Each structure stands twice: as C-alpha cells, then as structure tokens.
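Scrolling down, you'll hit the structures one after another.
Each of the next two complexes has subunit A plus one other chain: subunit B in the first, subunit C in the second.
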Partner chain A sequence: MISIRNLKKTYPNGFTVMENFNLEIEPGSFTVLVGPSGCGKTTLIRLISGLERVTEGSIWIAGKDVTRHEPGDRGVAVVFQNYALYPHMTVEKNISFGLRNFGRGKDEIKKILAEVLEMVGLTEHAGKKPSALSGGQRQRVALARAISKSPDVFLMDEPLSNLDAPLRAQMRGELARLRQKLGATFVYITHDQAEAMSLGDHIAVMDGGRIMQYGTPEDIYDLPANIFTARFIGDPGMNILPLKDGRYIGFRGQKVGIGRPAGLDGIFIEGAVSSRENLGDAYRYRITAQDGTQFEMRHSERVEVGRHLDMFVKRNDLHAFDERGIRAEVRTPGGAAP
Partner chain B sequence: MKPGASARSPYILILPAIALCLIFSIGPTVMSVRDSFRSVDYVAGTDKFVGLANYRSIFTDGVFLKVFGNSVVFMFCSVALSVPLGVAAALFLNRNRFIHNLTQSVIFTPHIVSFIAVATLWMFMMDPGYGILNYALGLFGLPPLRWLLDPGTSLLSLVIVAVWKTTGFNTLIVIAALQKIPAELYESARLDRATRAGMFFHITLPTISPVLVFLVTTSAISAFGTFDIVKFMTEGGPRNSSNLMVYWIYRTGFLHFQIGRAMAGAVVLILFLSVVSAVNFALMDRRAHYQ
Partner chain C sequence: MRAAARAAGFTALILIFVFPMFFMVSASFMSRYEVNMTPPALLPSEFHPENYATAWSRMNFVHYLRNSLLSTFITIAGQLVVCVPCAYAFAKKQFRFKKTLYCLVLFDLIVPAQTIFLQIYILESRIGWINTMRGLTAPFFYSAFTIFSLVQYFRTIPDEILDAARLDGCSEIRVITHIMAPMARPIIITAMIFTFVYKWNDYFWTSILTTDEAVRTLPMAVQNLMPVGHSAREWHIIMAGNVMALVPMLAVYVLANRAIKSGLIFSGRKDLEAPRS
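Our next item is the complex of A and B:
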C-alpha cells in the first residue's frame, strides 16, 4: 500500500534525517513506528503525507507515485498529537470543512457527519467548539475528521500521548475496534510500548533515520535482529553482556532464575544485589556480576540488597549477537558467563 | 496572605496609581463636564452656570459641525486604510523570512521616530513647488496637487501621513498574532485541500480577529484624538478643511478662551468615542473568536 523507495530527507538547515530509506507497508496492515526521540518517525509520517518535501527518492501510495502530490491528493489522513482542530469551528464544521473541499454534496456530507460522529460517540457535541471539549473528545473529533475522508491510509503521530492513562487505554481499544471496521492501512507512531505491542500487527523499530527491524510484535520481542532492538523493546530492555570473544549475549530480566539447578542447559551467573525496587507484582533488581558488569533482574522473590546470589538463565532464553551487534546463533556456552 | 500583610495593604499598594488616575484623568473629566455647563471668563473673573447654552452654541455654529464631520471622515479613512494595509504587510512579511527581520524594524520606524521630524519630512514631500509627491504625479502625466494648501486635499493629506505613521505598528501587532497561529492548522487545511483564500478566511482571519478588534478600536480612538499633525502641518486650514476635534477644542479653549464651549466639545468627543468603541466591540465581538 505504501512503498518508500530510496528516500532521502535533508532539512533546509542541512540536517539529513534519513538516507537510502526503504519500507514496504502492506495494504490493511497496522504498522507502528517506534524509536528514540529524534530518530525520524515524525519526519517519515510527514513525508508520507506530503507535509514535508522529499529530497530524493519516491513515495508510492496505492500503486501511484505521489512524491510530488499535494497532501490533500494522496488519499491519506493525518491525526496529530495535539489534534490540530480548527479552534473557531464547531465539531461539525471541523469535519465538513474538508469534505466540502473534497467535492462532497450537501446531503452526502450530512450522512457522513452523522456516521462518523456516531462512530466516535460525539453526536451530542456536534455543535460545540473544540475549546468546550475534553482532551479525549478533541482527539475523537480529530479521528472523526480523519475517518470522514475514507482515506486509504491513516497516519497518526502519537495521537494518544496527550491523554491520561485510563483514557489512553480506552482510546487504544477504540482504535483497535475502528481499525477492524475500516480495514484501512495505518501507520502509527507511539513511544508507549504497550500501545505498540497491542495495536500493531507490524512494528518498525527506528534509530538514527534507519529501520533497525521491521516485523511482527512477536518477532521484534522474541527474535530481536540486533542489539539496538533488543535493548529498545521490552520493559525493561534486554540485558546485553559482552563476551570475551567480542560477541554479546543477551537475556531478559524476567528470565533470570535464582539458584543453581543441576543439569541446567544454560548459563550460571554469580553476583550481588546492588539495588532493589518494588514494582508491586515483582521486584526489579540491579545485579553486579562478579566481573563488575551490571544487569537487571525481575523476580517475584524478595532478596536483600548486598546479598550474593547464584543465578541462571536457560539456554532457550538466551540471545546471541555477533561483533557488529547482529543476531547470531546461541553457541553452547562453556559454563559460567560472562 | 503573608504574615504582616493586612487587608488594607493591597489598597495602599494601588494608591499611587489611583491617585494619578484621579488627578490626571477622572478629575479633569469631571471638571470638563462641569465647565461645559458654565461660562468661565478668566479675564473678567466671572464664572456662571449657563445650562445647555454652550452646547447650543457649538451645534449651531457651522465650524464645530464641520470639524466633527472632518474628524469622522479622518477616523474612518485612516482606520479603513491602516488596518487592512497592516494585515497585508504582515501577511507578506510573515511569509518571506528573508527580508522579514530587516523590514520589520524598518516598518516600525515611523511609529517611534519623533513626530516633528516625520511631519517636516512630509511637508517637504507635499510641497506644491519642489515636493517629491508632485514630481511623482508628473511622472504619470498627472497635474500637480496643492496637498496641504488646498481645502479639497488637505484632509486627505493628513490621512496619508496618519496612515503612514500607524501602519507599521499595526503590521507588527498582526505579525505577532500570525506567528501565534499553530502551523498545524495550515497543515490540516492542506490535508483538507483548502485553497490559499480558504486558509485566509477560515483560519487566519478568525484567529487574528480579536487582535483586529483591538487595532480597529485603538486606531479609531487615536485617529479621533489626532492633534499633532493638525497643529504642525495645517493648523486646521485652509478654511477649517483639515480641522479636527481636539485641535478645535485646543483653539477654542486656549486661544479664544471660550472654556465652556471647548469643554462642551470635549464632552461630545468623549461621548462619541464611547459610542464608537461600544459599537465596535459589539459588532466585532460576534465575529471575533476569543479562545
């Protein structure tokens, strides 16, 4: 549905955000862009929508090269983080303004309005101005405005990040429901990993203007393609410990066991607890291994700070990365590591 | 409230401002109203109540009505020119980042330059003999004008100077308002396929309308209160063709010592301005969108 080919973006101040950037997004998919702040997520969405000019390369939507098309002619709708509603127009006018420019007839507009307002549950608020609405309601107007144009592609830049947690969870559910109903293609930015995991059928992990990994949430979490993704995804990110041969080994804090079970296929680690934090259902421990490297452990058992522990990670829970940080086969570990 | 502060202390703090206001604003206004019903003669030392005689006198005297009319025309023309020009200039400057900074300070200069210098300059330019304005008219094959010296063009000449002086200020205020409009609104509009004109009428204008109400009101009030350019450039002439309210009050009161008539004129001025701003706010309030 969206095909980004050899894209390069240099801002007028000379800063190049991305270069040789390629991405294929399938029709009907829900792709979540995640990555550290400043990695180019917003830029990517703005390039797709046409709000930002492409420096080199091309963007194709629904089989058409739209690189030089105006934003209004690309079949995309954008939902911004701070809604970007027209402040002096009523909810109804906010939605119908675009529809009129798209050449819809009066009766048609009425029908669409009733439909989308119903869909987002704002029918009674049709006559209000945005200033009279709550944050969640405003975001719903922005959604309704996007939906009203029946675009091929929805582009959403952290649409829920201005909402408080319960509302965010509720809106997340509503988005998932909407997506089922509309069947359009979504590209969605978030820094909330739970949101990324629950909404996305694909996740693109970005860093420094590059895609570090593009795959299903399961792939990204269970089979991180590189150290960056391994560390970035998950709460907490994966522990990565350097090995003597220049390679790396990784494991998640939740997979660290306490004890020294006999006949274990995996690794043993000895270390001391350097800090503890209560998370409610578990404790977060900072462990200093014998050689001084530190890692994180999640465990339901309470252990005092300063205590020495025997710990282990099963072989199946280990990830290996080569010298360049690329995922590799886990080799038979020779006893304790690191 | 902090310890040691009493319920009275806020009033003590605003006392100086209140005092100044009483002495220089409210007091004189009350005295003006009082004097407008009296006949005061400082030379003879008489001061008596005359009822509405002063008002009757100025309204039957052709000069006052003419001056009042001049002031209304002057106010209307200068507001109708300087506000739209300010908006146009602001839109232009806001779009062109390059010249933007330099021009912004240049355009504001007339507002801060000593007024006498400005007026002198304009008098040179409007000189029927060697003025550059007539030279410019000549380039287009138009006959020269007598500008300040002709009853037909003297008021217009003052309007030009006033507009030249206030447009820069209006521009700056409008630019400030334009820059507060979030870029995302225009981006939404682009996604909504809005045209340039559509964006102006549906986003820009409604968003800056409170500022426009402010500019129209303040320019109208200051235009109606114009004194300096009249005094310095035309002295109201020729034959009162460019005479405005405040200059008339000044002349009547301080040159002819007809204090009662002058104060009656001042009261008319105050009433008129109150009506203007009330109407202005009422009319534009319905259109303007405050947030």
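Our next item is the complex of A and C:
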C-alpha cells in the first residue's frame, strides 16, 4: 500500500534526518512507529502525507508515485495530537470543509456527514464549535474528519496522548473497532508501548532516521533483532550485559528467578538489591551484580534492600547479541555469566 | 476619600478629552457673534443649524466626502490584499532574509512619516502619480502596524491547523482566506479600524501628495473653510464642517464597537489549546 524507496530528507538548515530509507507497508495493515524523540517518526508521517517535501527517493501509495503530489491529492488523512480542528467552524463545517474543497456534491456531503458523525457518536454535537467540546470529543471530530475522506491511508501522530488514561483506553478500543470496519491502512505513532502492542499488527522501531526492526509485536518483543530494539521495547527494556569476549547477553527483568535450582540450563548471577519499587502486582528491583554491572529484576517476592541474592535466568529466556549489537544464536552459556 | 480623589481625577481626565469634542459640537450651532465672544460662550443661546447648510455648500461636502470614502476604502482593501498575506509569510513561512525584512518592518514602526515623505513625493512625481487616487492610496497598502499586529496573532495559530487545511485540499491562498483570516477576524477588524481613522483624518500626506481639489479629502475641505488672508472669524462654520467630517467615522466606530473591544482585549484563546481529556 505504502512503498517508500531510497528516501532522503534534508532540512533547509542542512540536517539530514533520513537517508536510504526503505519501507513497505502492506494494504490493510496497522503499522505502529515507535522510537525515541527525534528518531524521524513524525518526519516520516509528514513525508508520506506530503506536508514535507522529499529530498531524494520516492513514495508510492496504492500503486501510484505520489512523491510530487499535493497533500490533498494523496488519498491520505492525518490525525494530529492536538486535533488541529478549525476553531472558527462548527463540528459539521470542520468535517465538510475538506469535502467541499474536493468538489463533492451537497447531497453526498450530507450523507457522509450523517454517516461519520454517527460512527463517532457526535450526531447531537454537529452544530457546536470545538471550544464547546471535551478533549475526547474533539479527537472524535478529528477522526470523523479523517474518515469522511475515505482515504486509503490513515496517518496518526500520537492521536491519543492528550487524553487521560481511562479515556485513552476507551479510544484505543474504538480505534481498533474503526479499523476493522474501514479496512484501510494505518500508520500510527505512539510513545505508549501498550498502545503499540495492542493496536499494531506491525511495529517499526526507529532510531536516528533508520528502521531498527520491522515486524509483528511478538517478533519485536520476543526476538529483538538488535540491542537497540531489545532495550527500547518492553517495560522495562531488556537488560543487556556485556560478556568478556565483547559480545552481549540480554534477558528481561521478568525472567529473573531467585534461588539456585540444581541442574538448571541457564546462567546464575550473584548480586545485591540496591533499590526496590512497589508496582502493585510485583516489585521492581535494581540489582548490582558482583562485578558492578547493574540490571533490573521484576519479582513478586518482597526482598529487602541490601540483601545478597542468588539469581538465575533460564537458557530459553536469554538473548545473545554479537559485537555490533546484532542478534545471535544463544550458545551454551556454561557459567559465562558476569 | 481615596475613592473620591480617584473619581475626581477620572472626571478631570474625561473632561479634558471630551471638552474639545463638546465645544466643537456646541460652537457649530452658535452665531458668528457668539462664537467670537470673550469669554467664549459654552452653549449657544439660540440654535443656528443653518451653519451646517452653509458649511455643506461652501466646502462642497459631497465631493470631498466621496474622495475621503474612496481613498479610505481603497486603502483598507489594499491593506487586506497586501498586509494579510505578508503577515502570514512572516509568521508561518521560511524564506531567505525573513529576519532582516521583518526587522525593517519593525523599524518602520518607529520612523516618523516626516522623515520619509520627501522620498515618496519625489518617487510619485517621477512616475506621475501626484494628484491621483492611486498616488494617494498605494503607498498605504503597506502598513508596518497592520503587519505587526497580524504577525503577532498568526504566530499563535498552531501549524497543525494549517497542515490540516492543506490536507483538506487548500492552496496557500485558501489557507489565508478560509483559515487564517477568519481566525484572526477581531485582529483584522481592529487593524482596519485604525487604518480607517488614520486615513480618514490624514491631513499631512494628502496635503503633500495632492494639490488638485479634484482628489483632495475632507480634512482639506475643512481647511478650505478658513479663507486665506481672512481673519478667522467663521469658527461656527468650520466647526460645523468638522462635525460633518467626523460623522462617518463615528458611525463606523459605533458599528464596529464590539469588534474593536474584543480585538483590543484579545489575549490567549482557549479554543486553540488542546485540553487534557
């Protein structure tokens, strides 16, 4: 559906955000872009939508080269974090403004309006100005405006992050339903990993204008392709410990066990608890291993700060990375622990 | 006690500002004798509305009113066409020398007209624009004040709203006419009223850029009521002319009263902010 080929973007001030960037997004898929601030997620969405001009390379949407097309002519709709509603127009006008610009007929517009307002549950608010609506309602208007254009692609830049937690969960559900109904292609930016995991059928982890890994949420979480993805995905990110031979070993804090079971296929670690945080259903511990390296452990058992512990991680829960930080096969550890 | 002192102070201030207006209206109804009395009369002992008829015919009121209306509305229209897109560019576009150019505009805010009139006069006389309506209006299509007030407001409009409009199929012109301008309506109206008052009352520029009565405006007509070489005794007629010249401006003020106030007390717009939840 979206094909990005050899993309390069350099800003007028000479800063190159991305170079040799390639990405294929399948029709009907829901791709979530995640990554630290400044990694190029928003730039990517602005390039796809045409709000930002491409320096080199091309962008194809639905089989057409749209690299030189105006934003309005690409068959995309964008939903912004701050909703970007027109404050001087009513809900109805906010939605119909674009349709009128695209030369849709009066009756057709009326029909679309009734449909999308119904879909987002704002029919009785059609005559109100955005200032009279709550944040959740405003975001629904923005959604309705996007839906009204029946675009091939929805681009969403942190659409829910201005909402409070319960409302965000609710809207997340609505988005998932909406997506089923519309069957369009979604590209979605979020900082919320739960959102990324639950909404996305594909996740693209980005850093420094590059895609570090593109795959299903399961792949990204269970088989991180590199140290960056391993550390970035998950709450907390994966513990990465350097080995003596320059390689790295990684494991998730949830997978650390306490004790020294006999005959275990895995690694043993000795260390002291340096801090503890109560998360409700578990405790988050900072552990300082004997050689001074630190890592995180999640455990349901309460342990006092300062206590020495014997810990272990099963072999199946270990991830190995080579000197460049790229995923490698786990070798027999044989007590190679730090 | 303090409240009383304050009330007295305000009353004095109001009197200082209102008295000239009051005396203008009052004197316009006096007889020639009364208006020249020492000490002057405050109120006419008998009404002489015929002063207005005299002023009307003597100053050729309709002719000058037409010129005043024309020059003022052409200037306002010109400013809308020139200053609104200009302010949009300064507030929202990136281009070379933007900072330098905007500095020049800001600098122009503090440059008195008297320092630049000669250059404009020479320019206009070279291209033959002296004594023409375009010569009287075109230099004022650009206004540092209008641009400055609009830029200040345009900057507060989030870029995403403009992006949304572009995605809605708007050209840059349409972004200005359908999004920026309606959102800035109170500011634009306020700036245009300042322009109206400035242009309507303008004596300085009109006296420099015109010599021909054919294009001159009301302030010049009032001036004409004071014949050269004649000892100025006809204050009652001049005041009647003044009142007539002011009426259209008062009408505009009354009509736009609400817009002016909302424009002047404008500060921060709740409806632009994204509230949490």
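Everything below uses one rule, namely that the second predicted complex is superposed on the first by the 337 of 338 C-alpha atoms of A that agree within 3 Å, B and C clash if a C-alpha of one lies under 4 Å from a C-alpha of the other, contacts with A are read in each partner's own complex, and residues count from 1 in each chain.
FYI, a contact is a pair of C-beta atoms (placed from the backbone, for glycine too) under 8 Å apart; a residue touches a chain by one contact, two chains touch by 3 or more.
Since this is a predicted model, take the numbers as computed values, not measurements.
> Consider subunit A as the common anchor and indicate whether subunit B and subunit C clash or fit when overlaid.
clash
> Applying the touch criterion given at the start, work out whether A:Q294 contacts subunit B, subunit C, both or neither, answering first, second, both or neither.
In the superposition, A:Q294 contacts neither subunit B nor subunit C.
> Touch check for A:N162: first (subunit B), second (subunit C), both, or neither?
second
> Now for A:Q170: first (subunit B), second (subunit C), both, or neither, which partner does it touch?
Touch status of A:Q170: no partner.
> Based on the superposed arrangement, let me know which partner A:A77 touches: subunit B (first), subunit C (second), both, or neither?
Both partners, subunit B and subunit C.
> Touch check for A:G136: first (subunit B), second (subunit C), both, or neither?
second
> For A:P87, select first, second, both or neither according to whether it touches subunit B, subunit C, the two together, or no partner.
both
> Identify which of subunit B and subunit C touches the larger number of residues of subunit A.
Result: the larger residue contact count on subunit A belongs to C.
> Under the stated touch criterion, which partner chain does A:S274 make contact with: subunit B (first), subunit C (second), both, or neither?
neither
> Determine where on subunit A the residues touched by subunit B overlap those touched by subunit C, and list them.
Common interface on subunit A, subunit B vs subunit C: 49-51, 70-73, 76-78, 80, 82, 84-88, 97-98, 101-102, 131.
> Which of the residues in subunit A come into contact with subunit B in the complex?
Against subunit B, the touching part of subunit A is residues 49-51, 70-73, 76-78, 80, 82, 84-89, 97-98, 101-102, 131.
> Taking the complex as given, what residues does subunit B use to touch subunit A?
Where subunit B meets subunit A, its residues are 182, 184-185, 187-188, 190-195, 198, 202-203, 206-207, 289, 291.
> Tell me, which parts of subunit C touch subunit A in their complex?
Within the complex, subunit C touches subunit A at residues 94, 158, 160-161, 163-170, 174, 178-179, 182-183, 185, 269-272, 274-277.
> Which subunit A residues qualify as touching subunit C in the complex?
12, 49-51, 70-73, 76-78, 80-88, 97-98, 101-102, 129-131, 134-136, 138, 145, 162-164, 167
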